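By letter and in written order, the chains are A, B, C, D, E and F; residue numbering begins at 1 in each of them.
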Amino acid sequence: MAEMALLIVGAIFVNNVVFTKFLGICPYMGVSKKLDTAAGMSMAVAFVLTLAGAITYIVQHYVLVPVHIEYMQTIVFILVIASLVQLVEIVMKKTAPALYKALGIYLPLITTNCAILGIAILSVQNDFDFLQTVVFSFASALGFGLALVLFAGIREALDLRQVPKAFAGAPIAMIIAGILAMAFMGFAGMVK
Amino acid sequence: MNYADKFKKTFFTENPVTGLLLGLCPTLAVTSSAENGLGMGLATTFVLLMSNLVISLLRNIIPNRVRIPAYIVIIATFVTVVDLGLKATLYDLHKTLGLFIPLIVVNCIILGRAEAFASKNTVWHSIVDGIANGLGFTFALFILGAIREILGSGAILGFRFWPEEYRTILLFVLAPGAFITLGFMLVGMNKISKMLEGK
Amino acid sequence: MLQLKSFKPGGIHPPQQKLSAGAAITWGAVPKQLLIPVQQHIGKPCKVLVNKGDAVKRGDLLAESTGFISSNVHAPLDGKVQKIMRFPLLGGQVRDVIQLTCNDAGTPYREIVEKDYNDQPVDIDALDASEIRKKIAAAGIVGMGGAGFPTHVKLTPPDGKKIDTLLINGAECEPYITADHRLMLEYSREIIQGTRLLQRLFDGVPVFIGIEDNKPDALRAMDEAAKEADMIDVVPLKTQYPQGGEKQLIKAILGREVPSKGLPMDVGVVVQNVATVLAIRNAVYFDRPLTERVVTVSGNLVGQPGNIVLPIGTPVSTVMEQFDIDPARVRLFISGGPMMGRTSYSFESPVSKTTSALLFFDETAVVKREENPCIRCGNCINACPMGLAVARLTEMIIANGIDPAAKEAVLDCIECGSCSYVCPADRRLVHWMRLGKNIIRREN
Amino acid sequence: MFEIILPGLILGVFALISASGLYAASKKFYVYEDPRIEKVTDMLPGANCGGCGFAGCAAFAENVVTTMSLNPTCPVADEAQLDRIAEFLGMEKAVTEKQVASLMCNGTYDHSKTMMEYTGIEDCWAAMLVTDTTKSCAFSCLGLGSCVRACGFDAMRIENGIVVIDDEKCTGCGMCVPACPKNILHMRPYSKRTTVTCFNTDKGADARKACSVACIGCMKCEKVCEDDAIHVTNFLAKINYDKCTNCGKCVEVCPTDAIEIRGEEVIAHVAAQVV
Amino acid sequence: MEVNRLLLMDSSPLGRDGDSTKKIMYTVILTLLPALTVSVWMFGWNAVRVLALTSIFTVAVEALIARFVSYRIDFMDGSALLTGILLAMNVPANAPWWMLLVGALVAVVIGKQVFGGLGQNMFNPALVARVFLLISFPVEMTSWPLPGAVDGTTGATPLGLLKTEGLGALAGTHLTDLALGQVGGSLGEVSALALLLGALVLFYKKYITWEIPVTFIGTVFVIAAVFNGINPQTYAGPLFHIFTGGVFLGALYMATDMVTSPLTFKGKLLFGFGCGFFTMLIRLFGSFPEGVSFAILLMNAVVPLLDKYFPDKRFGMVKNG
Amino acid sequence: MAKEESVFKVVLTLVLIAMVSAILLAWVNKITREPIELNKRAETKRAVKIVLRGLKNIAYPEFPEEMEVDHSPVKYFKAVGIRGVLMGGAFIVKAPNGFSGDFEMMVGVDSSGLIIDTYVLDHKETPGLGDGMLKESFKEQFRGKRLAGTTWMVRKDGGDIDAITAATITSRAFTAGVKRALQAFERLKKEGQK
């Protein structure tokens, strides 16, 4: 239990996907202009990331490893993830239009969210078991969501302030991310 | 197509990184030194070139409905080729680039160019486009890596600016430094682009 | 010691500056001409009934109300209509005014007025509520505290709104202004008469007269006058700005909070200013329309600050002559108090039903305000009697991105000026809030 | 050989599952949406980068189709792609003549008297909350630049107390018109260069007192106009641009210089083009 | 009547009280004097050197920006000076000059001016600089001169000792030493009482309110007490935790920084709680001995959310009308 | 845009592309497998050479053997002399609980149990801080030490090892790693004597 807690804290704070692993920066920059979109994106990522974590685990351990084609990991994972995302989108659109309205529109963006593939590969590299993989994926998504929502809040507030023209937009966003990354370094060493 | 113009564009005004803000994950992650930046940039250029080439060749064959999965498979193939190839030849570089080689797959630049350009243009043009964008990407990564390396470890590509005993600003080779440096670099590149356009 | 009542949240304590508190109400001479604004109330504009060259008598209807929320305008003096033209009013608006040349220029104004009140009052006991309301509406009475909302509308709550308390506003919290203070001292009996009339309108509900404790003499006088009246109590209030705001007064005296976007009647209360009550009394007792009011004349350029009865439409320049004010030295001229009053640029502008004070300042009293960046100190929020996050709201207004939730808050602003007053960065918070309200209204 | 064929087969199976799955799903869970949205999505670069502010290319395309506007635009697509989308949706610019904004006021500091020192927020609407005018004329341009800030094309500037419009930079977007609280900015066709530079509806004498170049409603222009293009109502001349021919006669007869004709060489140039 | 001077037209209110940004800034600086005096008494001329250098550097950097980047900046408004002094209070007394220069540059440029200057920044500039330095120059930033030591001997802070050597190493440290500042640390970390003395003035002037300091210190106290209660052998006591390190400096002067703290009552409570919580999280489980600066920076990032989702009750927001 | 595509074509194209890709990859994998293996081994070998330098006439196996010390796997290359005598060994150990987790290091020990040198194989310690363990000045103190006679703890914890400034945690992990390697050697020696 304590181990799981550490895994979760580690994935959210200590090794935050965005601030220390540099994964998912594109949506982090792109979808963080408004809090609502940021929250929607976070939920969509959490959903897909957890699902993808589980499926890639199965693929890795029941297909790739037995036939010794670990080198095909990238291509198989991305194919699985891309299809999964599209499938989820299609199914959700029909069966749960309300949910689709809330999450679905972020789904296409997720295919190119490297956090999904990155976390899947990291889980494999860390030799996680199935449960660990799922928990790790979900916690990483929470970390991503935390970064995204924090950042969206700041950007919304920033819209109301007088940022110099040269820095407005992406540059200031980067610098803020830098300061946040600095602050997150305070958690270093918390999880061995 | 005016090649000089095209290259100027992809290096500055429409540089994938500083102009369009694409492919930021590898940009930030591997630029703790100029060498790493260069390596990642070239690896990406290779994938970009090859995928552009193949996709423009197959552009009339691939059905629309499975376009994206097909492109991704093609891209992933070349990424794996690079991965294996680097491991076989430049083992140390591969070790530092690590996780980010497979992630070239999801680098928005590649899929973006595949969709935006290669799927609609001839092979030759797609090759030029791939090289231009790849080099633009490499250029940005190299500059970013160079700045961070000079500030953070006082050296670049093995050449030291000041003696090793002197302090360097460690933060620049760490995660926060990547963001902050890129932030300032965006400002600088914008200024340069404006100057170039002003001419 | 008894804890005096006051409102929460917010509030500030600007210097009182009640320079004219000791000066009894004076009466000037009839001016040569009057410039009577056609509209002196909030609501539908009036229809002008007179034409160029018409001779009018004191009390004649000059402009007629055109709807329920509208108010009549009467001639304060006998005279001849010279012209109807655009003219800058106090507060900077350029509006239609009726220019009236007075027949009795130079005669003491008091004589003319007192003639009216020497008659026997009408038999008020014979009047029923609707007749009283009718008389008030006919007399063109509007809220004389500053807002200028037609009084008869306020006194006619829609069906279903039960009024259980009547408040008389004698707080007069603005610095400098003493007009209501003097009225309460000198006309306490008449005000109580007016109050009882209002009480009758609402079936004898309890009445509280709220007066700030910086006017002990007025408190005593009103207490005395209210002694024999039933269910009329004088409530001393702890001095705090903006105690005179309707919502704040209700909160202070009754502890009730008027809901956002709501009116006092939503919590069963009607609030009337003492000057308005006096006007109501005169209108009902003597059928006199509202054609004059007491105005405080003060400011650092006024040697003898005082309170004077002025016929509506008197050009300010006439008052300045009477108070010996050198126009060349005036740099800042405010109608109303310094917190909520408006600046004006023409000394020819006329006094209206809502002009409570005329303040004249020279260069030395002017604070030149350069807006500095907000440092989010939160003073504005602590001072705001409406509990608004002023700093955030103004940020949104400036950035032109007022989010839906914030819109309601912006519209709640009562423009009391407390936030700007305490802002260390000299930000024009009230002005921005007013602009914000304006933007929201334009959107709708 | 087997070690090479096996991976091929495995990935082939994956592809088969994913392709047929997607195909089946898209059939089974088919939801109608505007087919144009998909078409527009196809025309976009498809980077799904989110750079436009929308959640992906499809969301952006939906916005384009529903609002019929390419604003906000896609930062990745090039001109040609955007043009293609515009063409597909039939959003080509109407071939009507370009409109430009023109100010119906010439109340510079020289022509009208400044009545006060306004020290409030530098914004016309804000000023209107404090005073109806800053000059002797109640209709005049406040010169605080709300329109300048509303103009996205750098076509306006404040000069000598009034706003000056650059006809060449003006794109006729009309954003400045509602930005003016005095309602004195109006749109006119680019080629019609004759304007009444006054909005004062006071009687002649009052108007003249307020501003030396005010329209006094003397009717001279109305009489001299051969095209029935200028009429005085409420002591103010107004031009009907459907009829005006830029003849300039009204300008000549106006006793107060309240009618202006702008850049005559430009008119010649435009005329030549029209022919 | 002819008027030869134009009247002023402006929106109400036309009066103002006497407070100004400058006055606030310089008052805060003055209230830091007791703490500064204590640190000069402890560390001697070195403290004066650090103070002077950071002050000059920050003001100079701001002046240069005001001069060369045509942006409306009043570099003497006291905000740069205050940042400089707070930065000085966050570094060891033996900090080399170049580190202070880097710190000043980071504080003014990255911490403040890139956001648009005074009032626009999201993070406390002095803390941005402190954390920047801590990460960049860990050696210089973690060797603290001992108070009164003339020979330049350095040692760890009590928190540093706790982290690396466990509770046993602290046997000789008395609480009174901690409260008065008789321990190693940065200029401002040393004397909690002197800081409190200065802050009393700020409370009186209402420049700071009780919510953030009380919840901040309270949270630290409670968490420390809980852990100390569970295992007094491993975890130090609550009084140790609040008197040591930067808790007082952080709670009274850094977390309460007007620009970067929430505006609302509930926001302030949560902000203080978060600062305390993260401080203790890092102190107890992280590898940095001290977490105050990280905690405040983190909570700075949450401020927009707090302001947005925990607004104060507006007048008239009553239930059932 | 193309008209409605048939299921057959859609599925077939994707499958074909996938298969071609996979076959291509399999082929690339086949030709690169050997060089990659060589590269991996070359690195280890380089390390072994460094940490066992100065030992003459020794032989060690191509692939490491494995054992367990403190429940942690230790890989090692046994260096044997001409007559099969144990001349030393290179031990790949996990240094536990570094600043950023465990890291892998190699320790070379000679026949008498003295440390020859240390080599860090793969680490994520903070650059400029924790990576002080790569510096000569730090590594020097370990050389020539043996398991006995030294308290294998950093000075702060009452041991004999001078920690890297401001990187006590890394030093602690490093020291523990070295100790582990030495214990492994002792075990090896005992086994050899049996």
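In the analysis below, a contact is a pair of C-beta atoms (placed from the backbone, for glycine too) under 8 Å apart; a residue touches a chain by one contact, two chains touch by 3 or more.
The UniProt protein names, listed by chain, are A = Ion-translocating oxidoreductase complex subunit A; B = Ion-translocating oxidoreductase complex subunit E; C = Ion-translocating oxidoreductase complex subunit C; D = Ion-translocating oxidoreductase complex subunit B; E = Ion-translocating oxidoreductase complex subunit D; F = Ion-translocating oxidoreductase complex subunit G.
All figures in this text were calculated on a predicted structure; none of them were measured in a lab.
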item: Chains touching both chain C and chain E; value: A, D
item: Chain pair, most C-beta pairs within the contact cut-off; value: C-E
item: Furthest chain, CA centroid comparison against chain D; value: F
item: Chain whose average C-alpha position is farthest from chain C's own; value: F
item: Distance from the mean Cα position of chain C to that of chain B, given in whole angstrom; value: 69
item: Whole-Å gap between the CA centroids of chain A and chain E; value: 33
item: Chain A and chain C: spacing of chain centres that average the CA atoms, whole Å; value: 60
item: Interchain centroid distance [CA atoms averaged], chain C/chain D, Å; value: 43
item: Residue list for chain A, restricted to those that touch at least two other chains; value: 26, 29-30, 69, 71-72, 75, 79, 82-83, 86, 111-112, 161-162, 167, 171-172, 175, 178-179, 182, 185, 188-189
item: Multi-chain contact sites of chain F, meaning residues that touch two or more partners; value: 1, 10-11, 14, 17-18, 21-22, 25-26, 29, 99, 126, 128-129, 169
item: Shared-contact residues (touching 2 or more other chains) in chain E; value: 6-11, 110, 114, 116-117, 119-120, 132, 135, 138, 287, 307
item: Touching residues on chain A, where the partner in the complex is chain B; value: 19-26, 29-30, 71-75, 78-79, 82-83, 86, 111-114, 116-118, 121-122, 125, 166-167, 170-175, 177-179, 181-182, 185
item: Contact footprint of chain A on chain E as seen in their complex; value: 69, 71, 110, 113-117, 119-120, 122-123, 128, 131-132, 135, 278, 281-282, 285-288, 291, 293-295, 297-298, 300-305, 307-308
item: Chain A contact footprint on chain D (complex, rising order); value: 6-7, 10-11, 14-15, 17-18, 21-22, 25-26, 28-31, 47-51, 53, 55-59
item: In the complex with chain B, residue positions of chain E that touch it; value: 98-99, 102, 110, 114, 132, 135-138, 140
item: Chain C-touching residues of chain D, taken from the complex the two chains share; value: 115-116, 119-121, 123, 125-126, 128-133, 138, 202, 206
